[in-house]
């Protein structure tokens, strides 16, 4: 038999002015199981709480109903009070008779009647409340950062700084990411390498940071605080521990015609290579697609010249398994492929380049040693046309619906740099809008226009046609002047949209995190939890969550690190006890629940059941991980057999409320 | 014999329904027949039988038993029984008429079921002799003569007239109440019809079905038969056979929370259901085999064991035509029979 | 309608609740106006119910010789029993009965030496007979009681056994528990083995009740000792709804436990199909 | 066809590929066919039948049979293969333990339709050139084959087997059926007319659970209607509300999972057109969320465990059809 | 709800509100003292996707005249995707109820954010009026639960 206490709060006159609280207490006193029903001026006050605590002890209560303000206000207060009096905090229910009754109704009679009904529903519910105990699960004191660009590096540095071990998994031979390829950064125009490479070195030297370059995540199991991740260390045919990065092998390698991806294929590298001078780790890697030794066993030059014997043609992919408490995703972005944009002649003329290619062309470590030359004939360009929003803000299937955010600024930067270095070069920028929200951004853009006389033209380029004289005929419209323009340019630079890295989607599946339709990772809440994924213990850093520039990326990286550190600091995680649970005897193992779970909290196990006739039967049944489940209840409705139920909001509890209200 | 011309049957129905509720088998939109409360213009169905049996009149699918008012620790019991009104069921076939005798043996033995008795006392059963039996009929196996049905009053048709004969006092009262509409007439045509029906009965595919080897004396033999597994393997465990059966009388008792109390009601239950015998700590009939066996053992062995050899089946053939997987008592009898 | 119907229950008031074991409580039930709700014979049962919660059959634990009240010893094992266990004194319940047959205390058992064998909650129906016999001591011969349970704490009615039964002349009480425990200096072991050890004289009539597995092995043991099935009575329990052999679910073969039972002699059970 | 099937089954039994065969067993009359498990060549020879009345969808038996030891052979009509796929998708059967032989589909006959013509005492039914010759105790009757077709076959959606290990006969195509005609007709009625229609139909329900128990999508370990703790348990409708509720929930629980095999309506002893409820859901899903056929494959996401950002709002119900 | 002879019909409205948006929205309409009828009784659920069709039928069975389900706006679900499932489930359920001839205006789904106190109150006013116009629920009621 339940022994329920009901406590009706006056909230000064907030409730008492419109609801006859004494009548409510009196009426609820007659409800089944109610053994004490009292009213009080301020139930949330110290003395009000004591009233509740004393009643719990005195009447040996099995449930408490507080008729007061919204549970969003004081549910925790009363739960704590109950716990202090030795009652399980989840045996407390709140009837909201302030926000949802006294404050919205004027007539005392009907408001009182409604308050009684709300109280009755809470009593009916509390009859079925089960004492819940929040579970705990331990936290592995190690973080994984997936992606070694500036986002990943910053996150790793911050986490390491806090004293936790952190692993970076980078799919390329070196960390550094896109920022390493960039020449200068806006709006300060400092050299990207100058600010990035020290951080790369710092990361490599920090003993808490372990860099797995040329590696990929192949499997993720577990849940918050307790992930088990399999990392594939791809064979680079060079023993990382021995290679000193002296570079002799790269000099001697006879295979020199390999497109250099670091320079966007604008020049070549050797089959054994170090992507760039400041690579971290500075270790050579053999490209098996080009290495003649690996392809047909004839060469072996690098092996011969290597003084430390680091070359190992027989190296194979290695898999390592590690436990992590937190995972930060920092998989970054790529410019989209421009195959579908024939109108810009990207595939027809080498002088039509993307902005990232332009970065390399202008970079001192780039193919031309920093001198801007046309890729086709290595001549100095006199007229350059920039085309904005190539593939961004597109409604059609060719491009992306979103704004890539960084293009306006880097184009202003490019235009300005060109105009400064080559004042004889005319620069045209065709734009739809120029977006410059950011500290010193608009000033920067205005400088490009006003000080550097970059021709900003609102309008779209219709067609780029390579001509026999080597010029590129640019046909465009000037929307403000409402006229057609024809420009014979030497170079055309396309601000290609950026998109998430292709590795992100399979990774999201492994992590059971959500992605939007553009394959950007979805944050747990767009406003309030921007660096967490909906899956507990998985955080988002950088452009994998959406387009962003370097300062934003670094800010988010540090924020993600802070969240991860917050998690790693704990020895164990207290789980929300209001989670789903499956009645194995009723579960069909049909997988409906799993499909609607946004957290990947549901797995299936083959469980052996002892049948009543003493035989055994193995059945697939759902099992909810309480550390991962957030208690939304989507699974409870997806489950046709009703095996899935939710603690704190069970089917029977909600139906009891319905019954009580409709009585 | 008292009779009425077939084309005057409406006036007879009108006369009966003036005094008490009259139920007759009538065709529904989907072609099947069911008992309906007579209203002017309603036609007597020509179908051999109704989908639902006539047991509904005395043992309805759900029936309120008692109500409780609960307040605090107090319980008040409210007897909600009410005296039934008089009613007539017209056109009950011989098989269904016999089913009442079988139900009586359950519900009218001590302690008498007052709910059943109440309806039984107030209902007059007017039966109708069969003229066009179907291939699914096997009432003969249980000693039922469809040309001479039981019931309070029996009715025959020869195609032109309905003939009436009271079997009980209640039946006589019924005949008396409508005697002004009846005339005396000879039965020569009727005798021919009956003879023809009897001849057809002999030619029915199940005419040879015999109950000779069933009954209470072979209890363990049949219970332990190795045929049950095969017979029950495709049984869906639904309640169709039970619910269309005129003699199945098992029920469940349940409580329902109404707006102001608890209403206890009973409803039909089926021994084919997996939770029929389920208790808090186990279930003695775990598999469909055991539940399937129970239903047929009950009809063919247990019931006769307790009721002087009377079987718990009347051969109406409803389960033969309605079982979703066409498993039925005839197949069971044929498979099981040991001579 | 004036006639009573057995499906319409009486109201009873719980006037006392005794905690017997961690999962067994004994409830005293009286009519609201005092006295017993109805008379019964030892071994008979009653349907108890909390409307809206459930209704179930329980054997009446008290002896008919008790004229003031009825008692029910109930083990917590389901929705209704959980509710009953949570009750407080003064709570009303509904009750109907008595149902079923009884131990033949006035016929076959009269003048006989009796051996009661019970396991766990199985003592409940036998307690009615034992106290009936004690109150009509002259009508019966020697009485021997063998009662076993999982542990000392699980022995139902321990106080009554110690204070009353054990002190009675001509009653031999043999207690046993499954596993040794502190504070227990009595016999340790399972009931079937204990019965064999005790080697009771074979002219006794046996009344046995307990878990099916215990009954099975004890019966086998008794047969070994030379007892015949016609000497052994037991009482059974199946799902029941009506209590009067009409709802159709508690049958074993053609016998309804609620009407033809719950007391059966083993030779009668032998004729029935092996469905229990 | 029947001979070919028996022979192939015997071969597969003999070479040990399978240990049991699920098919249909002949009954007392021409039409009362029972799904059965055959374990020997002899049983197949004497009892196996495949004819115009073998309409039962035997795929649900695989839940039980595929869990047993040894591979089971099953003969599936095109419509039945959808059910099997759906069961496979929901992990209710062990597909590896099943050997599927696809066999041609209907149209199958509905004995109720023959009887509804007033034909009784049926001794045999022969199909001669799409005219049924029905021998009865009262003499021979004839009726067109087309008038005795089962409702579920009359609106057949597919002659294509979506899963099989081998085929006997040719595979067919997905058909452009008229299966939503009746649903549409109801949609175009007024709410009052629809209410009256369904009241008349659902009030016939005797809650025998045949529709549920035959349904290959209803394989729950314990149905909510049998579970005292579910809050909706009920055994017999005590009120028209419970008649409605049972059928709404039953249809809702199979929404997006129902393959439209039509068994529910076929087995209903009261001829309630239950498939219309399922088809209403199927039609809505097709119209609102894109064409979806449950059982077509074993991988695609079911409509109710899926969503898109721009799904219609529930208020669309207010905007469609007749008030 | 008492139906007085002289009083107009007062419908009983059950509102299921998700904890994060709509329940907070309802609180906000309280904080802003925005009136809506006492007919509306709110049941708090963690997410609109917790609402089982059985709950809605249950409410009608027990005497509700209208049932409204409120959740976060699509895209704002605290659990990221719950309300998308709700939207599909309820669309289908309401369509089925409509198919059975149950009045469409007795059921509704409305997205109300935590900031939309005014919308919450307006919605409840509007919905109550709409249900009031329909009169008592007769097509989906259980006579055993009808108030005497």
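Every chain is named by a letter (A, B, C, D and E) in the order it is written, and numbering of its residues begins at 1.
Following the convention adopted for this analysis, a contact is a pair of C-beta atoms (placed from the backbone, for glycine too) under 8 Å apart; a residue touches a chain by one contact, two chains touch by 3 or more.
Since the structure is predicted, the reported quantities are computational estimates derived from the model, not experimental observations.
Looking at subunit D and subunit E, the chains that touch each of them are A, B. Following the contact convention of this document, A, B is the list of chains adjacent to both subunit C and subunit E. Across the two candidate interfaces, A-B and A-E, the one carrying more C-beta contacts is A-E. Chain centres here are C-alpha means, and the one lying farthest from subunit B is A. Taking each chain's centre as the mean of its CA atoms, A is the chain most distant from subunit C. If each chain is reduced to the centroid of its CA atoms, subunit B and subunit D end up 30 Å from each other. Subunit B and subunit E have centres, each the mean of its CA atoms, that are 46 Å apart. Subunit A and subunit D have centres, each the mean of its CA atoms, that are 46 Å apart. With centres taken as mean Cα positions, subunit D sits 51 Å from subunit C. Shared interface positions of subunit B, i.e. residues touching 2 or more other chains, are given as 70, 252, 256-257, 259, 269, 283.
Multi-chain contact residues, meaning those touching two or more other chains, occur in subunit D at positions 224, 230-231, 238, 304-306, 309. Counting partner chains per residue, subunit A has residues 596, 638, 651, 655, 659, 663 touching two or more of them.
Contacting chain pairs in the structure are A-B, A-C, A-D, A-E, B-C, B-D, B-E, D-E. Within the complex, the subunit B residues that touch subunit A are 70-72, 257, 259, 282-283, 286-287.
Against subunit E, in their complex, subunit D makes its touches with residues 183, 186-187, 191-199, 224, 230-232, 238-242, 244-245, 248-249, 251-252, 255, 277, 280-281, 284-285, 288-289, 303-309, 311-318, 320-321, 323. Residues 53-54, 57-58, 60-61, 74-75, 81, 84-85, 87-105, 107-109, 139-144 of subunit E are the ones that touch subunit D when the two sit in their complex. On the side of subunit E, the complex with subunit B involves touching residues 62-63, 144-148. Put simply, subunit B touches subunit D in their complex at residues 28-32, 34, 46, 48, 51-52, 61-62, 132-136, 200, 203-206, 230, 233-234, 236-240, 242-244, 252, 254, 256, 265, 267-270, 273-275, 320-322, 324-328, 330-331, 334.
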